[in-house]
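Right, I'll just put the structure down here and ask away after.
Note that the chains are named A, B and C in the order they appear, and that numbering of residues resets to 1 at the start of each chain.
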Amino acid sequence: MAVSKDVPLWQQPVPESAEEAAQMEHHRRVRLTLDPVAPVQAQQMIMEPMRRQTLRFYVIFVILFGLVITELITWVYQMWWGLGVTGLTRPTMWAVYIVNFVYFIGIGHAGTFISAALRALKVEYRRPISRAAEIVTVFALATAGTFPIIHLGRSWKFYWLLPYPNERQIWPSYHSPLLWDLTAILTYLSCSILFAYIAMLPDLAMLRDRSTGRWRLFYRILALGWRGSEQEWHNQETALNVFTYAIIPVMFSVHTIVSWDFAMALQPGWHSTVFGPYFVIGALFSGAGAVILALILLKKTLHLDYFLRDEHFNGMGIFLLLLSMAWAYFYFNDYLAPWYGKAPADVVLYNQLSHGYAAPFWYTMLFANIVLPWATLWSRKIRTNLGAMFFIALMVNVGMYIERVIIIPISLGVNELPYDWGRYPLRLPETLITIGAFSLVGFLYILFTRFFPIIPYWEVFEGQIVHKVQRIGKALIPARSEPD
Amino acid sequence: MAEFPTRKWQMMVDLDKCTGCGACVVACHAENNVPIQTEQETVRGRSMHWIRIERYWEGEWPDVKARYLPVMCQQCENAPCEPVCPVYATVHSERENLNLQVYNRCVGTRYCQNNDPYKVRFFNWFDPQFEGLLINQLNPDVTVRTAGVMEKCTFCVQRIRRGEEKALVEHRDLKDGEVTPACVQACPSEALVFGDLNDPNSKISQLTQNNQRNFRLLDELGTKPQAIYLKAGQSNVQV
Amino acid sequence: MAEVQLLGLFYQPESVAGALDRLRALGITDDKMTVLSMAPYRPEMLGRPKPKGRVGRIALFGALFGVALGLFLSVGIWLLYPLHQGGQPVVPIPPTLIVLFECTMLGTMWSSFFGMLGENRFPKFRKTIYDPRITEGFIGLAVEADRSLSDNIESIFWDHGAHDIVHDQAAEKTDPKQRAFWLSVGGVLIALTVILGLFVYDIIRIPFPTNMANQESIAYLQGPRLAAPPDAVPVQGPVLIDGQPATDPVPSSPDSIQRGKVLFGYSCQVCHGPNADGKSPIAGFFNPPPADLTSPQVQQLTDQEIYLVITNGFGLMPSEAEVLGREERWDVINYIRTLKK
């Protein structure tokens, strides 16, 4: 057997001819999977935020924490005095809290899509971004889960909604979409956490090996003794496969079930059969925007330029554009049928949207969700410009938030009997709690980046192992061998 | 629970006779311990009238007419408010054909109100305040609800149950008109009639069967409401 | 037969594959060799047999368990509590399908997670041969063989470009810190579950005053009614009007006091005590406790005021009007007057 000089992956020989070397250099600059570096070096980059915190971090941390405490105090105040301190009224009995609930659950979908669906489809640019996206999912879902409790009239009795053996001689009712919601969201949240943990084990082992002292003990315990043996990798891969193929249908079902909270009602504006897929696409859309925001912030504040390159933002930008088109298709479906049918309550509702008090919201939503992405995201230059992408992703999130506002409080304001029309006035407690919820996601996220690696380095390295260049004609073309 | 006979309780509202006086509203407040809201809360749309008089204006000045539509919980057979409650706080009584609201089970999700096309359900946004001597007027047969609980018209189920118990103890059948909700009792023009539609001799059966004026509110939604309305005069005018 | 464990560190999969072939030629079987790496290498790349795993089958069992859970949560609960809602059948099919789907997925994923942990024997309490340089990018080839072969194995490693060889680390010692941690985590979880159970099943009660149990609408929880102003709407029954006695008091006579004593024994003694001093077996259950009728505070009240208290109730005391007729109440009052300290 020929003995090859045992050279590591990141010290492969440079091609001889100058032209090929230039092509190779270009590939290395553009593609992460063709640019392997020594793992120790990459790991230093990943561990940097865990070692050193800047003043900027502490300032932001304190601000976010303060806003979260404000949310908690406001919620206790609301529980003490009663829900009357909010702007909720008859007929708009659901408003900002449920909007937040739907919004945060929606954001969570893109994380799962990137880490699960893109893995199933073998899309390579998902490698460095999958954990950042999955963590957005986990924390957004956790925050969303607080809202069904906050919006209850008797929040302290929220546990009556949990199906467990109790002494009250009655269980909750699975006739109700709210219970389907509970089951679906608990499934989704718990399985997202487990999914993230399974995928994180090799990275925890890596951190264990690079750390000293108490950090080492922390990672040693969490790594569960991971060695990287063939059996361990095989079992992990089987588990990841089960999770991938199981969590994708769960992801679709979760937001569909959330949409059924509305579609099951006889309310004008809610009673639409297209709500299921419409909400799922809307969730992926707003989630993709949120993931892009997270990635831009991570790249800039944690100096992850090696890992997060133009190709990733380009891929996410195309994803965002496709989702914008899909969302527009579903929204048009949802809008068209009642517009054509001219049922009286629907006519009144649509008049509110097009030239009533809801018009500023509606037009902003259409601009942010359709006009802006369609006008900009076709251009590769814009997709790789981080400032532009930040703005577009932010506007997409604003537009999707407004979409939920239109569906919930504004549609509830128009009913079959004209005597029951109303408007929802936003008041201070809901505002403080909403701001606190957004801060909670941010707070948990930046806390996470100080303790755990936000880049799944083992997946990046796995990609770098199987990617090579091959010569076709005069050019060096990136090739990828399928691992299976 | 004792075995009461099966009933099909209906409320009939004769829109021709309704004067919009509001006595039914007041009687309901008194009978069912419904709190009265402050002016500020009323402006916020939170007044709680289990039966309300909806007033619609028709025509142009100076030929303006007011139409009155008393609306209370329609006790639908296919009640959309029932299946959406996650804690079984609103269920259907098959025997009495009524939509029951269980106060101590309600956690305040408010989904029932969202799904209710008549919007006849009311939420206790604060703890109800009964100022001064109003506390002495509370009906001991009806729970005073706390903050966070939904409530709605029950067709004065406490009176129905009392009546049925009395009839059972006296080994007789319930007479038509013996049990009346507070609003029916208070109505001065007898626009409200209450009775058992299963009994062909009851006043309500006789007034509403084969009556060309009768209709049910939002019938097309398929909720099967148990309140019958009789159209007012000038029957070409839709209410 | 002393056994040694050797770990060779390589960079290239080809080197490892070559070394594996030579080791097999030496007579070492595949199950005594294992490859450690920072990223997964396909078994075909290294010439290794495909690892067998049971995680898939465990996931399948988990799915079946999830189906059972889903059926219980939907069909089971509906059949246990057959309440009618909205004209729907007691066991409707579409919600059953929704719940079944979610619970099946839940069961699948949770069982595959715990299956993976179990199959990998996580968390590892025993030390196994390992080197931190594996996560620097090295591929480790761990061999367990008889001590006599160790020199051969080392030379095979060096021949194939190994960068270092690590010797026999693991004596299968248990890692005490790791074991202590996971046992304490398990202990804490069990303790939390037990404590939660104590609260959930009301073994420890938190008195929470929002249950609509105390109703304002029950009349005898109120104090005595205020006097109507003069010229007000006439009221029924006795009313205390300033300066005017309640109607027809029974004069105090030995017969009246004797009757009063007997009636006191029937109606009042149970709460106010046999000596009318508020010390009865059940007095402790009331807050505030039943009044001491011999005290100056009660004795200073006029007869009419005591008559109203008996007729209307006071605080937690219910009205005795249905129990004592009008004259009987005066008899009791006459008896109480004799009890003044």
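Criterion: contacts are C-beta pairs under 8 Å (C-beta built on N, C-alpha and C of every residue); 3 or more make two chains touch, one makes a residue touch a chain.
Quantities reported herein were computed from a predicted structural model and do not represent experimental measurements.
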Busiest interface, counted in C-beta pairs: A-C
Farthest chain relative to chain A (centres taken as mean CA coordinates): B
Averaged-CA centre spacing for the pair chain B and chain A, given as whole angstrom: 46
Separation of mean Cα positions, chain C and chain B [Å, integer]: 40
Chain A and chain C, separation of their C-alpha mean positions in angstrom: 31
Multi-partner residues of chain A (each touching 2 or more other chains): 154, 170, 172-173, 175
For chain C, residues contacting two or more additional chains: 81, 83, 85-86, 88, 210
Chain B residues counted as touching two or more neighbouring chains: 80, 82-85, 88, 147, 149
Parts of chain A lying in touch with chain C, wherever the complex brings them together: 1-10, 38-40, 43, 154, 156, 159, 163-164, 166-167, 170-175, 180, 183-184, 186-187, 190-191, 194-195, 197-198, 202, 205-206, 209-210, 217, 220-221, 224-239, 242-243, 246-247, 249-250, 253, 257, 458-459, 461-462, 465, 483-484
Residue numbers on chain A that touch chain B, as the complex places them: 81-84, 87-91, 93-94, 151-155, 157-158, 160-161, 170, 172-173, 175-179, 182, 261, 264-267, 270, 412, 415-420, 422, 425
Contact footprint of chain A on chain C as seen in their complex: 10-12, 14-15, 18, 21-22, 34-43, 48, 50-51, 53, 55-56, 59, 73-74, 77-78, 80-81, 83, 85-86, 88, 92, 95, 98-99, 101-103, 105-106, 108-110, 112-113, 115-117, 119-125, 128, 130, 132-137, 140, 142, 159-163, 175, 177-178, 181-182, 200-202, 208, 210
Of all residues in chain B, those that touch chain C in their complex: 33, 77-85, 88, 90-94, 103-104, 130, 133, 135-136, 138-140, 142-147, 149, 224
Chain B contact footprint on chain C (complex, rising order): 81, 83-88, 210-212, 215-219, 222, 225-226
